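Per-chain numbering from 1; labels A, B, C and D assigned in written order.
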Amino acid sequence: MNTFGRRFRLTTFGESHGPAIGAVVDGCPAGLEVGAGDIQAELDKRKPGQSSVTSGRKEPDRVEILSGLFEGKTTGMPIAMLVRNVDVDSSAYENIKDLLRPGHADYGYLAKYGFRDHRGGGRSSGRETAGRVMGGAVAKKLLSLRGIHVYAHTASIYDVKAGEVTPEDIINNTYKNPVRCADPRAVKEMEEAINMAKRDGDSVGGTVEVIATGVPAGLGEPVFGKLDADLAGALMGIGAVKGVEVGLGFGAASLRGSEVNDEFYWDGGVRTRTNRAGGILGGISTGMPIVCRIAVKPTPSISKPQQTVNVETKEDAIIEIKGRHDPSIVPRIVPVVEAMTALVIADHMLISGRIGPALP
Amino acid sequence: MNTFGRRFRLTTFGESHGPAIGAVVDGCPAGLEVGAGDIQAELDKRKPGQSSVTSGRKEPDRVEILSGLFEGKTTGMPIAMLVRNVDVDSSAYENIKDLLRPGHADYGYLAKYGFRDHRGGGRSSGRETAGRVMGGAVAKKLLSLRGIHVYAHTASIYDVKAGEVTPEDIINNTYKNPVRCADPRAVKEMEEAINMAKRDGDSVGGTVEVIATGVPAGLGEPVFGKLDADLAGALMGIGAVKGVEVGLGFGAASLRGSEVNDEFYWDGGVRTRTNRAGGILGGISTGMPIVCRIAVKPTPSISKPQQTVNVETKEDAIIEIKGRHDPSIVPRIVPVVEAMTALVIADHMLISGRIGPALP
Amino acid sequence: MNTFGRRFRLTTFGESHGPAIGAVVDGCPAGLEVGAGDIQAELDKRKPGQSSVTSGRKEPDRVEILSGLFEGKTTGMPIAMLVRNVDVDSSAYENIKDLLRPGHADYGYLAKYGFRDHRGGGRSSGRETAGRVMGGAVAKKLLSLRGIHVYAHTASIYDVKAGEVTPEDIINNTYKNPVRCADPRAVKEMEEAINMAKRDGDSVGGTVEVIATGVPAGLGEPVFGKLDADLAGALMGIGAVKGVEVGLGFGAASLRGSEVNDEFYWDGGVRTRTNRAGGILGGISTGMPIVCRIAVKPTPSISKPQQTVNVETKEDAIIEIKGRHDPSIVPRIVPVVEAMTALVIADHMLISGRIGPALP
Amino acid sequence: MNTFGRRFRLTTFGESHGPAIGAVVDGCPAGLEVGAGDIQAELDKRKPGQSSVTSGRKEPDRVEILSGLFEGKTTGMPIAMLVRNVDVDSSAYENIKDLLRPGHADYGYLAKYGFRDHRGGGRSSGRETAGRVMGGAVAKKLLSLRGIHVYAHTASIYDVKAGEVTPEDIINNTYKNPVRCADPRAVKEMEEAINMAKRDGDSVGGTVEVIATGVPAGLGEPVFGKLDADLAGALMGIGAVKGVEVGLGFGAASLRGSEVNDEFYWDGGVRTRTNRAGGILGGISTGMPIVCRIAVKPTPSISKPQQTVNVETKEDAIIEIKGRHDPSIVPRIVPVVEAMTALVIADHMLISGRIGPALP
C-alpha cells in the first residue's frame, strides 16, 4: 500500500535505482499558494551527500511539479511531483544480489513477492522518503496558513544526548548542523559518534523528537482514528524506526497518576501548565503542543563482515556491504519525521472539517 | 471513526453508561468454527470486578451473537456481538459533570463535539475495549487455525519489573494472577504497588509485552501498510497507551548496527539466532516471533484532589473523582493488547491472500 | 464488505432467518435530535405484510437504539440500531436447500464461500435492507436540517407507467397506496399487474425514481468520488436493481448536444430552466434537484416450476419456490432507494466539509 | 478523490492543459510481464486526432514508465506512468474564461473550489481518461493471465443502432473503424450521424456495451462491495455517462420473473443457457460473461450559440465554444470503458484472494 491518509492523501512511488521518485498529493484544498520552491526547500533538508555523516550519493533532487497548480495556486486537483534519480550506481549490489542483508527488508520482500529488487534496496530503500518529504512539504505549507508548525530535531545519537532545548533552539539550530541537533553543545560529540562508527565499518542509532505547535484542540477521532494512533502508525512506518512515544511516553509507565495528569486552569480558555500528555488525551488534541519521540535503529548496511544466507545456493555466507550508506540515518530522518507528522495533522484538519475543499 | 482494519474489519459501538457495548466483525472467512464460548473466554479475561486491583463495577459481560453464524460456523457475513451494560451507576458523575477530569479525554471531546457524555466517560471509557476484545476473539480463533498465537503479559507495574520469561511462562502464568504477570515472583510486589497507590487515592502505570508466534514471513506492505506501522497504530490507539516499541525498540537507539542486526543462517530455511528486530524488518514479518511493548500511563481517575476548570462557570475548581476505577489499568489492558495484535495480524493474513473468503 | 460510505458510514449486519438485523451509523455529527420514532417511521415504510402485494411475513420491525444518543441527541459516537427477527419460518426452505434458485445469489455465494445459508436467502435476502433503512433514517434526519429532502416513488410496474408527477404529488401520494406510486390514477392498474402475476405464480419488475431537493451546488469529487458515480454504486447495489440512470439517462444517448445541455441564466444566482442533467454535471451537483431512476427486475422467487440443479446430487432438478415472497419487490424497494440516496448525499455533505463533527 | 479501487488501486493526476497526465497503479502483484508496449497499445485506442469523428488535437501520448518494473516484470511496487501534454492550445479558452459552458462541470467546480481551471476544462476534461487507460492497461494484462478478457464496442450512435454481434465480431471489428462499432454494416451510418451533427455545430450521444469473458463465479461481496455496484460506480464515473445497466437492464423492469430468471442445468458444472442477468446475481459473478451497457450523452462542447452566464459580470451571455472537440465522445470512450471494467474485475480478483501479492 503506497497511499497514506484518509482525506489529505499521499501516494508515493519509485525505487532507489529506478528512473524517479514521485509523490501525488490528493485532497489538498484549492487556493493554497505553493510552488516548486516550497517543495525544494524540504527536499534539500534530506538530500544526501551534504556532509561526512551522510551517504556519498549525490542526488540533486530537483522537483518537477506535474499537475494540480494553476497560476501559482492549488486547484483542488492532485498535485504530482517528481525527482529523477541521477547518481545511480547498481554495481556495488551485483555481488550481493543473492545475499540477504541482515537488518534489511530483503527476506520479507522475498517471502512476500517471491522476488526482490536488489539494486540499492529497491523501494525499501530510504530513498523512497523523498516522496514523503514532497508530500509533507505541501502539508506543511497548508498547516502554516493556520498557524501550525512542525519541527523535528535529533535528540540523541548513540550515547550522546542533546540537552533541554526551547522551540527557538529547534527553529534556529536544527538545520544548521549536519546531525540536525537543536543543542549546539551536543553537535560535535554526535558527529564524532557517527564518524567513529563509520571508521569501524559500523553504524549508530539515535532518537528524534518532533513538536507541532498551534494545533487546535479537538483533532482526532474516537476510537480507531485517534490522533496519537495515526501519528504512531505514521512514524513507526518510517524505515528504521523501532519505537514511538507521546509526551512522557515510556516514562509514564513508572509514575503515579498524580505525577502524570496535567491539571487544568482557566485563563480565558482551558489551559494546562504542564504538557506530560504531549498534547493528546484520549486520542484527541488538547491545544497544547504535540510532542512525540521516535527510536531510530542503526543503519543496517555496515561494511563489517556479517553472517548471512545465499538464497540461490541455500548456503551460509559472509556479507560485507559496500555501496554508499549513511553511517547514521538519524540526521536524514529528521525532515521525514516532520513530513509524516505534518501529513497526519493536515489529514485531521480536513477530517474535522476545519479545512474544507477551498481556502477562503 | 469506529472501524478498524482493511480486510478483517472491526466496527465497535457503545458507551460506558449506555445500554450496551457491541462489535461487528466484517471480512472473517466462511467456515470458521467459533461460538459464544470463544468470545466469552476472552471477555472474561478483561471483565472488571475480579480482584482488589480492578474496578468494583460488576459487569457479567455475557455475549450475545446476533449474526454471521450458521450451524456453528461463520458464513462470511458480518458477525455482530453484544454485551449489555448492567451495573451502570451514573450518580458519581453528576457532581463532576461540568468539571474536566485531568488526564482524560473530556476536554478534547468538548472541543470537538461541543458537548460531552459525562456519564463514566461515555465512549472514551475503557469500557469500549469490550468491543475490541469481542472482535479480537474472532481474530484469535481464526489465527489459531494457522498456528498463530498471540500472548500479552504485564512486564512492569510502577517500579516493579517482571524477570525474563519464556513463552511457556506466559501461557501458564499470565491469567492465573490478578496483575496478569508471567513471572510468578513479581506478582506480589506488583499487587502491592497497585494497592499502595490505591490507598493513597492515586494510581500507577506499567508496561505490557505482546508476542505473536507462528506468524509467517511476508506479512506487511510497503510503504504505508507496514506490519509494524499497523501494530503501532493499533496499540497506541488503546486508551492510556503512550508508547509502543518493536523488538529492541528504544534500546536500539543507543547501539551500533553490528549489535542490532540479526544475522541469518541456513537451516533448511532462512533463520536468525537473535530476534532484536522483534520479527519485523522493513515493515514485513520475518518469520520470527513478533514482539512489541507498550507503555501504559497511570489511570487518570484518581481520588486525590486536583486543580481543574468548571466549563460552565469558566472558573478554576477542585475535582475529586469518586466512581469505581482501576487503580492501574495495566492488568485489564493485557487482553485488549492481545485483541488488537490479533486483529492486525488477521488483517494482514487476508491482505496477503494467505486467508481467502472461505476456509478450506 | 458490509460498510458503506467514506465519512458518513453505515455498517449493517444480520440474516433473514438469524436473530436480528442491525445497523451502525458512524460519522454522524453530534447534536442531531433523532430518536427511535424517526427510525421507526422509515422502517414502517418498508415493513412486510402490509398489503396483498407484499410478502405475508409479519415482522413488527421495532427498532432498539443501543448507542450514540444522550438526552435525545447524537453524541458523535456510533449509533447502533437493532430489529429482532420475529416471524422466522425456515421450513419452506428445507426441501430446496440443495437446489439453486434461478435469479438468486445462491450460486455466487456457494462459489465464493463454499457454503450458503439457505434459510430465506440468509444475508442476500431483501431483509438486509432493513439495516439500510435504519441508517438512511439517520441520514434523512440530518439532511432535513439543511433543507435537503429525498423522495422516491414507483414510476412503473410491468407495463403500467405512472403519469407525470409533481414533487407535491410524490410527497402527498406515494406512501398512501401499497404500490408506492405518486400518480393516483396508475395505482389500481399497478396493483392489478402485480396480483395477476401473483395468481400465475410469477412476479413483475418496475422502475423507481428518486428526487433529492435542496442539494447545494458543489457536492461530489473529481474524478473517482463523483456524486453520480457514488449514487450509481449505491443504487445498483440494492438487490434486484439492474439499471441506474441520472437525468435524461439512456434517453440522452439518442439526442444531440443542443437538446441535452441545460442553458444557464442569471437570476441572483446561476440557474438553469431545464434539468436534463438530473442535477449533476461532471460528477458534481449543480444546485438543481438530483433525479435518478432505477430498473428493478421481477422478484426471482416464483412458484412456477423452473429448471435448476441440485448441488448435492449434481443433477438437474425442478424447483417450485414456496416461502412468502413479494410478487413485486418494487413497492418495498422505494424506501430503500430513499435510504441509499440520503446516505450518499449525507456522506458528500461531510466530505465537502459542509457538515462538521458538531452541529451548531 | 483521485484514487480508485480497494486492492488494485489506480491514482491518476493531470489536467488537459497542464504538463502531463499520469497514473500510479498500486497493488499489482509481482511477476507480471508488462511493458511500455502494453500500455501504449491501449493509449493508442483512445488517442485523439485519428479521424474526422474525433478532436483535432494531436497528442502522441507516448507513455513513460517511472517505477514498479524490474527486468520486464512488475515487482509488487507502484507502477507510475506518464504522458506529456504536447499539443496544448489554451487560446480558444481565453475569451470564454468567465462563461459557464452548458453541460460541463464548470459551475460545479466553481461552487466547490471557488475557482476553476478554464483551460480546456482542466481536470474535468476527457483528457484525464488517459490516466484511466494506462491503469486499465495493467489490469487487462493481469486479467489476461487468468483468461479474462474485456471488450467494449459502440452499440449505438444517435439513432443508429448496431445489429446483433458475436464476441468474434467485437474482437475483429471494433478497433478497425473510427466509431468503434463491432457491426460493420452500421459503421457508415454512425459516421454520417456524427458528421452531420458536426456540420450543424452540434454533437451526438450513443451507447457502449462492455463484455468480460472468463470471469470466474464468486467475485463480488455482500452487501456493499457488490460487483455490479462497483461496475456501476466505475462506469457512471466516466465523464458524459448518464446511465448504466447490467444484463437485461431497464428491459427487465417490464418483464415477469419467468422471463428474466436464467434457469440452471448441470453440465459437469452449474450452467445457464441464457444470460439475462449479465453474469451477476446478488452482486456476485455467476461464471457467465459480464455484460453492461452505458448511455453516453452528446459532447456538451458545441459551437452553436447557447445561453449562459458570465460569472464575473453576473449577467446573461451567449457562448459559442470553439476549441477542438469530439463531435461524439462515444468512440473515444470505448477504451475507457474497457479500462474501468478491467480495473473493477482485477480489484475483485485480489479482494477474493484469487490473485495474491506474487504471481506463481
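Basically, a residue touches a chain if its C-beta (ideal position, glycine included) is under 8 Å from a C-beta of that chain, and two chains touch if they have at least 3 such contacts.
Quantities reported herein were computed from a predicted structural model and do not represent experimental measurements.
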item: Between the pairs B-C and A-C, the one where more C-beta pairs touch; value: B-C
item: Relative to subunit B, chain with the most remote C-alpha centre; value: D
item: Centre-of-Cα separation between subunit C and subunit B, whole angstrom; value: 38
item: Gap in Å, rounded to a whole number, between the CA centres of subunit C and subunit A; value: 46
item: Residue list for subunit B, restricted to those that touch at least two other chains; value: 1-3, 12, 76-77, 109, 112, 123, 218, 222, 352, 357
item: In the complex, subunit B residues that touch subunit C; value: 1-3, 9, 11-15, 18-22, 24, 26-27, 29-31, 64-68, 70, 73, 75-80, 82, 109, 112-117, 119, 122-123, 357-358
item: Subunit A contact footprint on subunit C (complex, rising order); value: 7, 76-77, 218, 222, 350-357
item: Touch list for subunit A against partner subunit B, complex; value: 1-4, 12, 100, 102-109, 111-112, 123-124, 128, 156, 158-159, 197, 200, 202-207, 216-226, 228-237, 239, 242-266, 270, 272, 277-278, 280-287, 295-302, 304, 306-309, 311, 314-316, 352
